Every structure is written in structure tokens, then in C-alpha cells.
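Working notes for the structure below.
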Amino acid sequence: MKTHHVIFIAFGIIVIVAMFIPSSGKEASDKTMAVYNAIEKLPSGSTILLGADFEAANRAEMVPQMEALVRHIMRRHLKIISISMWDQGPMFAERILRKIGDEEGLTYGIDYVNLGYAAGAQSMVRLLKDDIKAVYKTDFSGNKTDDMPVLKDIVGAGDVSLMVDLSDSPSGPTTYLEQIQSFKKDFRLVCGLTAASVPPIMPYVESGQIEGYIIGLKGASEYEGLIGKKGLGTISLSAQSVGQAMILILILIGNLAFLWIRKIKGKENAELGK
Amino acid sequence: MENWLPITITIIIATIGFAGVFSGLPPLMGILRLGMFWMIIIGGVAAALGAVNLLQIHGIKVVRRGSGSIYSIILIIVMLGTIIIGISMSPQSLLYRFLFEFIFTPLSTAIFAILSFFIASACFRAFRIRTAEALVLVISATLVMLGKSTLGESISPYIPKIGEWVMNIPNSAGSRGILLGASLGGIAVFLRVILGIERGHFLG
Amino acid sequence: METLGIWIAALLTLAIGSLLWRQNPFYRLAEHILVGFTAGHLVVINYFNVANFGVKPMIKGGMWINVVPIIIGLLFYFRFSKRYAWLTRIPLAYFFGLSGAIGITGALDASIRQQIIATVKPLWSQGLIWGFIPALNINNIIILFGTITTLCYFFMTRPHKGIIGSSAYIGRFFIMVTLGARFGAVVMSRLSLLIDRFYFLMHDWLKIL
Amino acid sequence: MEGTQTTLPIFVLFVIIAGIYIYNIIRARKGLNVNIRPIKGLVAIDEAIGRAVEMGRPIHFTLGISRFFSDTFAAFAILRHLASKCAEMGTYPIITNSVVTVHLATEEIVRSAYMASNYPDRYRPDMVRFIAKDPFAYSVGALDVMRQENVASNIMIGTFGSATLLMAEGGRILNTYQIAGTDDLEQLPFYFISCDYTLIGEEIYGAGAHLSGDKNVLGCLRGEDWLKIGIIALILTFTVLGIIGINAPLDWFSR
């Protein structure tokens, strides 16, 4: 048993215990409200492009966000076209869209569609901008897209009223901005992002290219509060807080211990971490 | 042939691409759109490269019967099993969804989840605030974390606002500098490729 | 079925978690399953793309031109041959040429021009303090100042002396704020995954939460 | 096709950027001397070798999961420098790899560095080892090697993707003197908190080009500096013009 094992065990136990502390959502931040309002204010009958650009590894943050967003969009009876730049996202999109679509009484192919994944990243999105059917000959389940009612009014991805991109890396929103918004200035984008990918995309938010974002589980909990449906986002809040506090305390203790050791053992040994 | 052909192809395609985008001439755009569609097919066909590569590496391990060849056998079985089930029954089938949901997803989430333990350990053992820069890093990280947790809200209602501000203003400024630098660097790499002077991008 | 799945998922989660103690056979088993499935899944999803987007229109709709990208893509597989390995350069050349042109023309606007425009903002707010001092817009000034000094830090061929030196020094602090924000954000992300796994183990599996 | 083509300012921007790069590459190839500013991380690499020599223990070097690209070539230049120093000073470098093609290239680099030194007999084939392809498997395997060989210093040029922290923290637990560098800014904070020295972003290109003297990269770095100055000048000009109330140039640029 070494020092790091002690830290691992202590950290694990504290986070587990913290999960039993009941938590409730607080008011939503400006950026979350921006996402909510963007969807809320769309005229009925509008179509939303939903990007499922995440991998299974990040399902913890992305799935609660996706569930909350899709529920909000479907309650408003807006149409959804779901696409994905990576291969694992459509599996989640398929499950969540079908589940919430059934609950809200919507029909696949008329109110929403999951087009799935296509390779090519940047070039795929650029082609998608002008012509969705040029990329997706079929949807994720293999149905032909030619006569799908949901795609009737929309020719290119640039024509949708709003894009909601759920991405676990900055490259998701960046690609849509570079490949669609660069050529169509009225293309509106809001995002649901893992916490880790928020800082790198902030320049685009500050410049107004991205209207709003939902950050990680915290953002999911805020959104769950807005639409009144509790999920993992809200449940996790206290454990999240305690875990973060624990990290900060560890930095503090580590540094105090370092100073203390340096004081009694002299500088050389402390530098080597002994 | 080995050297001039790839470079020529790159130059021709890049020229069509730039000319099409900058001029917007319909015939060029038509070619470009076909080219972009081909990328989807090429990417799709190339997707099995990783699998073939794994098959090669682990196949050799199995043949040599070195230590750990049992894991290689398992890897190959899982990989081929996934491919056979997925292609014969489709990814929407119950069995495939079961594998995806109860084997693949927990594994890939778990492997990232244990990183939090390593972060905790690194913070304790390695994160020495020796310089003013490290102090700035810690303060910024603290504010961002507290700003996005209920803990920060309960300490003071101003903490979420300060956290938001750090994220929105100084972080945006620094990130924008980095972004501009990186975009320029990316263009430089590409220019070296089409000028035929970037070594090695054809070797990977 | 659901119960079986939860048990399998829980045991696999614990197998990965055992790395925290040390490298062990359970961890290696779980890891190899993960690597195998990831590669397999990519093949499965792309198989249907190639079949539905490329092959079916070719056979049923007579789009025989789709044969070209399929052949170009297949050239990649010559990397496993010593003699014809150079043929992989053809699809790579195609890839670099097209994604370069597409990527750069997109990035020029969203990641360069728009960023320059967004940095140029009024440095004064509307109105005056006490009627005569112009109110500075601190946020816009920080954005302007931070972007410029960060760019200065990345000067490679100019020594950090004089005005570039002081700018670069300040720029390094902006980079540190950025790195701090990224560090904090990654901690949040990883913690979320950990909480998700704990929640799964305690709620779905052990049913104690 | 409406909305497909770009506007004139974008085209002008492209021509200027490409022109400056090409001009500087040509100048550098024609023998213009491009000086890279001093980079502290390079000095630290020499310190790391010194530390390994003093302690009589090996030194570990890795390129992460990077495939052949710009950062890989910068890392190669640093590796060549490291291998020849190790050959001269009689310490034992261990290089672990996760990409087969990179593995073959590093083997060649280390071998040729030893052959070119005064002590070609010090070269041993097991200095360069292939571990695994997957980043997590690679990191765990490389840490095992580092533990068994009891390395004194650990130099990581390149990214490990999400496994970066696993690797960097693992090295820390083994009490190695760590230097890292990457242009993957997502992973940089982890290097920063767990390593003694960190090369930030483009510094690795600078360091690599400085050591290898690659004219093309040097020319590009010079061009990049010009462009950065240009961007700064553009921002300042627009700001000043905005203050005195002239908005026409910015309006044209935003078209």
C-alpha cells in the first residue's frame, strides 16, 4: 500500500458518500438560458439539426444533456434531423430519439429522423451544408431518405432554423462553424458540451458565433430544472461539488506537506519528492 | 511514380478545391461536390484499416505464443465477433445494442472515470505551486470549478459570477491567441504538404 | 436480460477499476475487449455507410462512378505489403488535397477573420463616470490585451526582449489562466464520468442508492 | 450556387497568408539564417541527461501516440540530440513507442546517432521498444518498463490523448525528472502540473527546428511570426480607427 493507494481510497469513499447527499438544481446560468431561449423562441414547425458528435466514453455528460434537450425540442413539436461526425454517437441518438419520441407521441420519419454517421468530417459537413441527401442516401436504419417527410422542406443543413450540437470535443462545434457558418452567416448554433471542451471554444462564444452552451453535468442539471424533469445531472450535483473540493484540498495539503518537508529535510530531498 | 504522383494528385485536388470555393463557378463546384462525396466513401472503406492492423499485430503475438497471447486471442475474437454480429444482424438489433450498452459503454466510460483518481493523486503529489504562473493556473482552475458547482454558490453568490467571468473573458482572450496561432500553424503545414516539402506525412 | 447485462457491466467496470491497485489480468482482459470492440464497431458502422451510400446506388441505380472512391479507399490496404506500400500515398494525397482546401477555406473565416473582428471592440462604454471621465469597458480591453500578448508569447524567431519581451511575459499569464480553466474543466468532466460509474454500480447494480 | 463561394476579404487574406509563408520558405531555403529564440525546455533536457548520468540510471523518451506529422519530426530532432548526448556521456536511453512506423523510425535515429558518435559499441537493440497501440495500454506498459528499468528522467514529446495524465502521473509516482511538450493544448495542463518542465505548443516546433536546422520549418516559423505581427497590427489599427470613428475598413473586412 503506497501513498497513491491511500489517496485513491480516500477520494473514492468521499465521492461515494457525497452521492447520498440530496441535491437540488439551482437557477440556470446565462449561457444555459441562451440555449433554452433559442429553442423556446423558434416558431413551431421549425427544423432543428441535432449533432450527436460524441463517443461512448463521454456518455455520462452527453446523455443527460441529450435527453433534456431532445425532450424540450420534442415537447415544442419541432422537427429533428440528427447527424453525427463520429461512429458511436448515432447509437445513443437512435435510442434517445425513439424513446422520447414515443413518449411524446411523435412519428419517426415525419417528426424526427436519425441519419446516423458519415465519414469525412470537414468535407462531409461542407457537402451537408448545401445538400443533406447528397451525403445521406439512407438513414441510420437503412431507410431511403428520398421521400422522407421530415426532409421535405430542408435541402441543405444550412437551411435549418437552429443547430444543436452535442459534442465531446471542441472539434464538433468548430467544424460546423468553419464549414457552414463561414458561408451562411445566418446559421445559428448552440451546443451541449462536455465540461472539458468548453474553455477551448470560448473564443467562438465570446465573438457571438455560438449563441449559448450547456456545460457538462452541471449544465444538464440546469436544463433539467428548466424543463422540470430530474435526471443524473441533478442527482450528481453534490458529489460533483465534493469531488472538486477534494481535488482543491489535495492540492493545498500537497503543497503544505511539500513546504513542511522542505523545512525539516532541506531543499534537495524535497525537490526529489522523497 | 512513387514521389511525383501523390504530390501531383494533392496539387490538382487542392487547386480545384481552392478555385471552386473562391470562384464559385458551377462546373468546378460540381467536381468539388463529387470529390467531397468520395471522401465519405473513401473514409468508410478505410475504416477497417485499424481492425486489419490490430489483426496483424495480435495475430503475430498469437502465433509466437508469447506472454499475454491469451489476451490477443480474446481481442481478435471480440473484434471479429462484433463485426460479424453487427453486419449480419445490423447495429439496431437487440444483441448488438446489448453488447454496445452493457459491454462497450461501461468499459469505455470506466477507463476515463479512473482518470479522476489519477488527477487526485497528481494534485497531491505533483502539483507544486512554485512559481507565480502555477499560482495563476491554480486560481483560475479553482474559480472555474467552484463557479460550476453548488459548493461555490453556497460559499458566496458572487463565486459563480467570478467563475463565469474567468471563463468568458481572460480564458477567451488566451484561447483566442492560441487559436489564431494554431490556425496559422495548420495552414503552414498544409502549404508545406502541397509544396511537396513536408516530410513524412505520407509515411504514417 | 437486463439483469445479466447489468452484472456484466458491473464486473467489467470493476475490472477496469482494478488498475488503481496495479496492473493485473482482469484489467488487461477488460482493456483488450474494449480495444477489440472499438475497432469492430467502426467497421460495422462504416460497412453500412459504404453499402448504402456507395454500393447500392451503384448496383441498383447504375451509379458506376462510385467504383472510383471504393478503389481509391482500397489502395490504403497496400500498406500491409512491402513492395506496393507506396500506393497508400494516393488516397492520402487525395485526402490531404481535399481536406486541406476545405479545411483552410472554412478556417480562414470562422477561426481567423471572425476572431480578429471579435477582438476589435469599443474600449469605452456608453456614458461617462461623474459626467466627465469616459468609462472604460474593462472586459473588451482584457480581450484585446490578452489576445495580443498571447500571440506575442508564441513568437519563435524573435528574442523575448523589449516590448515583445514584456508582452510575452504577460501573455504567459494569460496562457496559464487558459490552462487553469482547461484543467478545472477536465477535472469536472472526469468527475462526471466517475460519478456516472458510481451511480451505475450503486443504483443499477447494488440498488443501495 | 448561392452562399457557397467566399467573399473578397477572405480571398485577400488567403493570398497574403500563403504569400508570406512561401516567401519565407524560399528565403530560408536560400540560406537566410533564422534564429530561434532560446527555449528553456531544451536546457532542461540536457539537465535531465546530466541527472541520469549522475545517478547511473537510464533515461526514458517517448513520442506518445503521435503519428508522422509535424510534432513527430520535432520530437525526432530532439531524440537525435538526446541519443548522441547519451552516447557521449555513457548513459542508457530507453525509447518506447506506440505506433509501428514511428517505432521503426526511432530505431533508425537512435542507431545512427550512436554510430555517428565516438562510442558506437554502446548501442544496444533493446534501447527502442514497441509497447502497444492503444494509448491506455501503451501508457500502462511504458510505465511498467520505466519501473523495471528504474529510470532517472522521463522525456515526453507528443501527446497521449486522454491517457496523458496516466502517463505523466505514473512517471511522477516513480520520482522521475520529467520534461514534456505537446501541441495538444487539451492535454497540456496535465503535463504542466506533473512535469518539471513543459514546452508549450509551438515551442516544440521551435526546439525541433533549432536542433535539426530544417529550413522549411524555420521559414514557416519566420512567416508565422510575420503573420502574428500582421494580425496584431490589424487589430490595433481597426481599434484605433474605431475610436476616431472610422469604421469603413472594418466593415469592408467583415463583409
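As written, the chains take the letters A, B, C and D, and residue 1 is the first residue of each chain.
Throughout what follows, contacts are C-beta pairs under 8 Å (C-beta built on N, C-alpha and C of every residue); 3 or more make two chains touch, one makes a residue touch a chain.
Being a predicted model, the structure only gives us computed values, none of them experimental.
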| item | value |
| --- | --- |
| Number of hops, chain A to chain C, where each hop joins two touching chains | 1 |
| More contacts between chains, B-D or A-B | A-B |
| Chain located farthest away, centre of chain D as origin (C-alpha) | A |
| Chain A-chain B separation of Cα centroids, rounded to whole Å | 16 |
| Chain C and chain D: spacing of chain centres that average the CA atoms, whole Å | 19 |
| Between chain D and chain A, distance of the C-alpha-averaged centres to the nearest whole Å | 31 |
| Overlap residues in chain D, where contacts from two or more other chains coincide | 1, 4-6, 10, 14, 17, 133, 136, 162, 172-173, 185-186, 189-190, 192-193, 201-202, 205, 224, 228, 231 |
| For chain C, residues contacting two or more additional chains | 19-20, 31, 35, 41-42, 45-46, 48-49, 53, 98-99, 102-105, 107-109, 111-112, 115-119, 143-144, 147-148, 151, 153-154, 175, 178-183, 185-188, 190-191, 193-194, 196-197 |
| Shared-contact residues (touching 2 or more other chains) in chain B | 18, 21-22, 35-37, 39-44, 46-47, 54, 90-91, 100, 104-105, 108-109, 111-113, 115-117, 119, 121, 123, 125-127, 134, 137-138, 141-142, 144-145, 148, 167-169, 171-172, 175-176, 178-181, 184, 187, 201 |
| Chain B-facing residues of chain A, complex | 3-4, 7-8, 11-12, 23, 26, 29-30, 55-60, 87, 91, 94-95, 118-120, 123-124, 126-127, 130-131, 134-135, 140-142, 195, 198-200, 202-203, 205-206, 215-216, 218, 237-238, 240-248, 250-251, 253-255, 258, 273 |
| Chain A to chain D touching residues, read off their complex | 2, 4, 57, 130, 158, 170, 182-184, 196, 200, 272-274 |
| List of chain C residues in touch with chain B within their complex | 1, 5-6, 8-10, 12-13, 16-17, 19-20, 28-50, 53-54, 65-66, 68-70, 72-74, 76-77, 79-80, 86, 88-105, 107, 111-112, 115-116, 118-119, 139, 142-151, 153-154, 171-181, 183-188, 190-191, 193-194, 196-197, 200 |
| Residues on chain D engaged by chain C in the complex (per definition of touch) | 6, 9-10, 13-14, 17, 34-38, 133-134, 136-137, 140, 144, 185-186, 188-190, 192-193, 200-203, 205-206, 218, 221-222, 224-225, 228, 231-232, 234-236, 238-239, 242-243, 250, 253-254 |
| Chain A-facing residues of chain D, complex | 1, 3-6, 162, 172-173, 175, 185-186 |
